[in-house]
Structures are given as structure tokens and as C-alpha cells.
């Protein structure tokens, strides 16, 4: 995938999440893998209204989140965590949205949010029965190294999500569509457990 | 009705439910009766984004949910339950959506959700007064035989709905529009009783 | 206003309320005054999907809700209450929607829902301070005479709304727009008091 | 910025807030700075449906909210508070919406709503860590002098928002977009604390 194509996909996805109310203000950011050797991601630019993103509002970054080409626009401040997640998990796309339900769930279960015996877990990539799923919760930080280390310490290959406490949700998948489907299912699951 | 016409109707209905947030991820599936002797249904294909469904993303199945013609696309894994519901109830259309309120209600009332003396029951096909309506709740299963047997054991001809615990809602009617109206009314009723 | 013009306005308004989720299934109905001597209303037809209403899906009725001209479509079953409200209050338009918050409020305060010292009361036609507003609650009935008598017994000229318990909300105003603005403000107020 | 340009921007912004459900009835009003010496604002006209606002439905007012040119349309009754906020804070745009969550939060914390250690505070213009943010709450009034004095008494240069109890939310920023982003982030924060 080239950067122009990635830009179109990322802008379309951002418009969807904005319509769901999951990218309020300029919050949230998305990335998609451009190449693997070396690892290159296209990540949404920093500080923009995600409902108005255009295909050129994306930046090519390396595994550390550093722009490959100098100059504006700047990548999201969280590009480093996107890079870390992509490198560790092998994901083709990473979604970060400030959706409320997972943040509320993390307040109640700060050492990890447990889910089990729920059909929607299938849409998240797990089994609907007899399969305890724990969504890791890590403390918020402005330091992407710190966040990345916390992610890696909590990482399990079968659990493509991470809640950053008092901040938001990360979900990843093979491509933007799978990552979106998993995000939608996980949001449903989080809403279910906080309203149950 | 032929398969092409069914495909257009099913795609339109899926877009409506998706906009309501009731088909998150790739969840949910719809079917409509094509013929009665033998029983044939058009059911939505498996694993697709229901907001992007096209008229060709449907499959003709028999009463057991088995495709009549080989080859892709595959029908929804729940096609067998659609067939069973259509055969037992005589319904012309079956709706299955992962809408939150009925699943929350089933957590609270796992042996059946009782409704009575509510105007919205008319839109569900029952009386607004002095008519106790019990929406059956059955345990979730991945085996459509098990789910179908549980459906049939709980079936009453005057109650066109079933909640699958920790999963979602089935509603049926003479056609897709009636099934949708009943689904919308039942969702309202479930939201009412869990917020009362 | 003639019936054709009324039909266009009613269809437009129904589409708005449907988009808000306040006319689920085929629930709710709207009317607008066509003439005063004798009293004639245009009321939405019975049993239709309000999100798909066309300008011809309306019926001219008299003060009792009886169609002035024979034949289909049939008026809403609640046309009689629209006629009674229009006659008693002098309203130019009556809105009836199955919006959840007022029905929940009526469960909690079955003898009337009290509101006071809230800015949104201005949009409902009352004062924002030192003005106790009581929204009447009447029991549900399928008999429009019974409902109409209950409405009239509870009627106060300064309070253009009525909650029918376990059913829905009536609001009226000089025209459809004023009735809609009052409905929107009252829904906000009801949501406020049940969440406070 | 001239009045015509301001009118286009204000109508666009009103349509957004209306779609979010934050300007129900004819509630809410927006303003944008036209000039600084002397201070002149374009403010939305009084009593209109904000989802139908046109670019000409705006009024040029001075720092006291008084129209600079006579005649219709009349400015929002709250134009005086917009002027006061713009003068004191230096803001380029002021948003006033009747969004529910801040009003609910003010009921619970009537002497000010405290926020701390939440990522969304960055989108509001503050730090995500170790920075106690108190959103002032002032009693409602119909007298813009009284409201303006209460605003000024509670004003801190680093906190671009004010909750008017039992009424709604004011947020300001350098332009309409920044004010909107801050409003969206603050609504998320208020929803978070009342649901936590």
C-alpha cells in the first residue's frame, strides 16, 4: 500500500469513528502498515478534526513513530505506540479512539477487564464460550516509551486490545476493517459489562 | 420473491439496523422467505460488514440452513436457526441483531422477560392491556440444533421473539418490515424495563 | 392550510422525529389544524412507518377524529385525542411521540411530573425561575373518550403537554414547529430529572 | 472577518451542534469576534431553530450585547454574556449549548466540577496529569449583568468554560473550531465523571 492509498482509507475510517462519537475534539488516531522490512506506517496527523481529515493528512513513520520525511504535517504524538504495537503484534492496522465505555470499565477494573461467555467475543477474535478474555489496562502516560513498555508487558498474542486508563482504547487487526470490527465488538462488550 | 429482489431488501434493511448501531462489527443476520414448499430462505452472507452489504451478499438456504447452491458466499452460521424459526412460526422474515437492551434484560430475568400493560406491545403484535407477554430467554450455543431445540421448546405462536442470553435478539414477522417494526418496539420495551 | 400542504409538513416532521428515534415501529402520530369553524385537522394515517411517510399519507378528520371523507387511508387510532386537544387548547398542531424519558418519568411520578427552575422551561413556554410546572400524567386507555376526558380533567392552559402513562407524550403548540421545539425541550427536561 | 463570513461559519457550526442533540428546541447560541477595537461580535439571532439557521440569521453586537445596527433580527438574549466572556478572556469565539452532561454534573458538584488526570483535558487546553481543573458553576439568571458578574468572579485565564446551573454550558476559544473541540472534550469529561 502506498501513502496516498493509505491516506484515503484512513480519512474514510476517521469519518466513520467521528460519526460514532468516538473521536471527539481532535482525539484519537489511526495507522495502517505500509511495509514490513523496514516497518513503515501511515499514521494520521496530529491535532486535526478527525471528521474533516483529508487523504493528505497522514504521515509516514518508522517503528519508533519518527517521520520518514521531514516537514509538516506532524504525526500524532502517539505514533510511537502505534509503531510498537505494529512491531510486537504484527498488526496491519491500529485504531486508537477515545470511546467512553472502555475507559469507564477500566476505572472499575483497573487491573484488567475480564470478559467471558459472550457471543460478541467472536467478533473480537476469541471464543464465545469457556474462554476467559482479559483486556489489559495500563496507566496513562505522555511518554510513548513508558506506554510502549507497559503495552509490551501486558501483551498476549490472542488479545488485540489495550485500555489506557483515563485515556482511551487501542485495538489492532490485520487491516483497518478488521480493526474496526474488533473495536465495535469490544465497545459493545464494555457497554454490556458496565450496564449489567 | 426471487433471490435478487431478496438481496436488495436485505441490503436495505441491514443498512438501517447498522445505522441504529444494532449490527456492530459483522454481527447480526437477516433472512426472508423465498418459497414455502419446499421452504427456502434468502439469508445474509457470513462475516460481512452489514453497513456495506450489497444485494449479491445473500445465500439461498433450505430449512436446515444448508445452501441450495454450492460455492461462495457462505451463509450466516446462524442460518439453521433462521430456518427453524421460519418453519415453526411460518414467518416470512427473521431478524437477528446484537442490540444491547434485550441482552441486558436477559441477564436480569434469565428465565424470561415479562412485559405487561405497555402501549408498545401493540407494535409487537400483542395487546396494550391485561396481556402478560413473556419473551423467552435461551442459553447461548454455537450448535444450531441445540439453539433450535431451545427455541422450539420455548415457542408460543403469539410471541414472535427470542432472546439468546449473552448474545442477541431474534424477532420475526410476515415480512421484513413487520419484523423490523416489532424489533424496534421490543427494543423500546426492553430499554424501558431496564431503565425503570 | 390545505391538505396537500399539511401532508408535506407532516411527512417532513415525521422524518425528523423518526431520526431522533422517537417514532419507533409505526408508533406516534402528528396533526395540524386545517380550519377552525368547523374544526378540521390533518392527521397522519394509521399503521405506517413514520420514516417513510409521504405527503398523501394523511387524513382530514373532524373534532372527534372521524374522517371527513370516506375510504383509505384510515387516520391514526388516536385522532380523537388530537381533535380533543386541538378543540380544548386551541392548538394549531399536536405531536404524539413514544419517546422514552417522559414515560420513565411518569413511572416515577405517576401523579404528575414536577419541573421548576430550569432554563429549558422557557422553550416549553414557561418561566425559567419560580414557576412550578406540573406535566399531567393520565392512565393509558384504548378508548379516546376516556383519554380525552382524562386530558380535559388535567388540562391547564399554561401547560401544553400530557404524558400517557406506559405509553408516550403529547405536546401541542401554535404550529408544528413550535410543538416540535416544545417537545424537544420537554424531552431534555425529562431526561434531566430522571438522570439527576 | 466580516458579518457574511461569520454568518456562514456560525450556521455551519450550529448545524453540527444540532446534529449532536446539543441545541434542542431553539436553545443555545454561538458568537465569533468580528473586531477587537472596538469589540464587535457576530452572534446568532434569537429564537430560531439552530438546525435551520442561515448565514443571515446573525447579528453584530458590541461588548454589552447591544446590536450595532437597529432592526431585526434580534440577537440572542444571552449576547451580553458572550460579549463579557469575549472581553474578559480575549476569546475569538464563544459557544453556548444546552448539553445535558455538564448540567447533571453541576447538580452534583454545585460549587465547581473538578477534573484531574484525564487525557481529554489536553483537548480542553490543560495538562493530562497533575493539573487540577475546576469548571466553575454559577447560578442561573435572566439578567446578563448578574451572569456576567458571576462569570467574572469565577474566571481563571486557564479554564475556558463555565457551567450555568440548571441551564447549560459556555466554552470559548481562539476560533469556532477550537471552541468546538474544547466543548466536545469537556462534554466527554462530564459524561465520564457522572457515569464513573
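Note that the chains are named A, B, C and D in the order they appear, and that numbering of residues resets to 1 at the start of each chain.
Going forward, a residue touches a chain if its C-beta (ideal position, glycine included) is under 8 Å from a C-beta of that chain, and two chains touch if they have at least 3 such contacts.
Quantities reported herein were computed from a predicted structural model and do not represent experimental measurements.
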Worksheet item: What is the touch distance from chain A to chain C, in steps?
Response: 2
Worksheet item: Is the contact between copies chain B and chain C built from the same residues on both sides or from different ones, judged by whether over half of the numbers are shared?
Response: different
Discussion item. Suppose a student superposes the Cα atoms of chain A on chain B; what rotation angle should they report, nearest 5 degrees?
Written reply: 90
Discussion item. Taking the mean of the CA coordinates per chain, how far is chain A from chain D in Å?
Written reply: 32
Item to complete: Just give me the whole-number Å value for how far the CA centre of chain B lies from that of chain D.
Response: 45
Worksheet entry | Interface hub residues of chain D, defined as touching at least two other chains | none
Worksheet item: Between which chains does touch occur?
Response: A-B, A-D, B-C, C-D
Discussion item. Using the touch definition from the top, list the residues of chain C that touch chain B in their complex.
Written reply: 21, 24-27, 49, 98, 100, 103-104, 107, 140, 142, 164, 166-168, 194
Practice prompt. Please name which positions on chain A make contact with chain B in the complex.
Written response: 20, 117-120, 123-124, 128-129, 177, 181-182, 184-185, 187-188, 191-192, 195-196
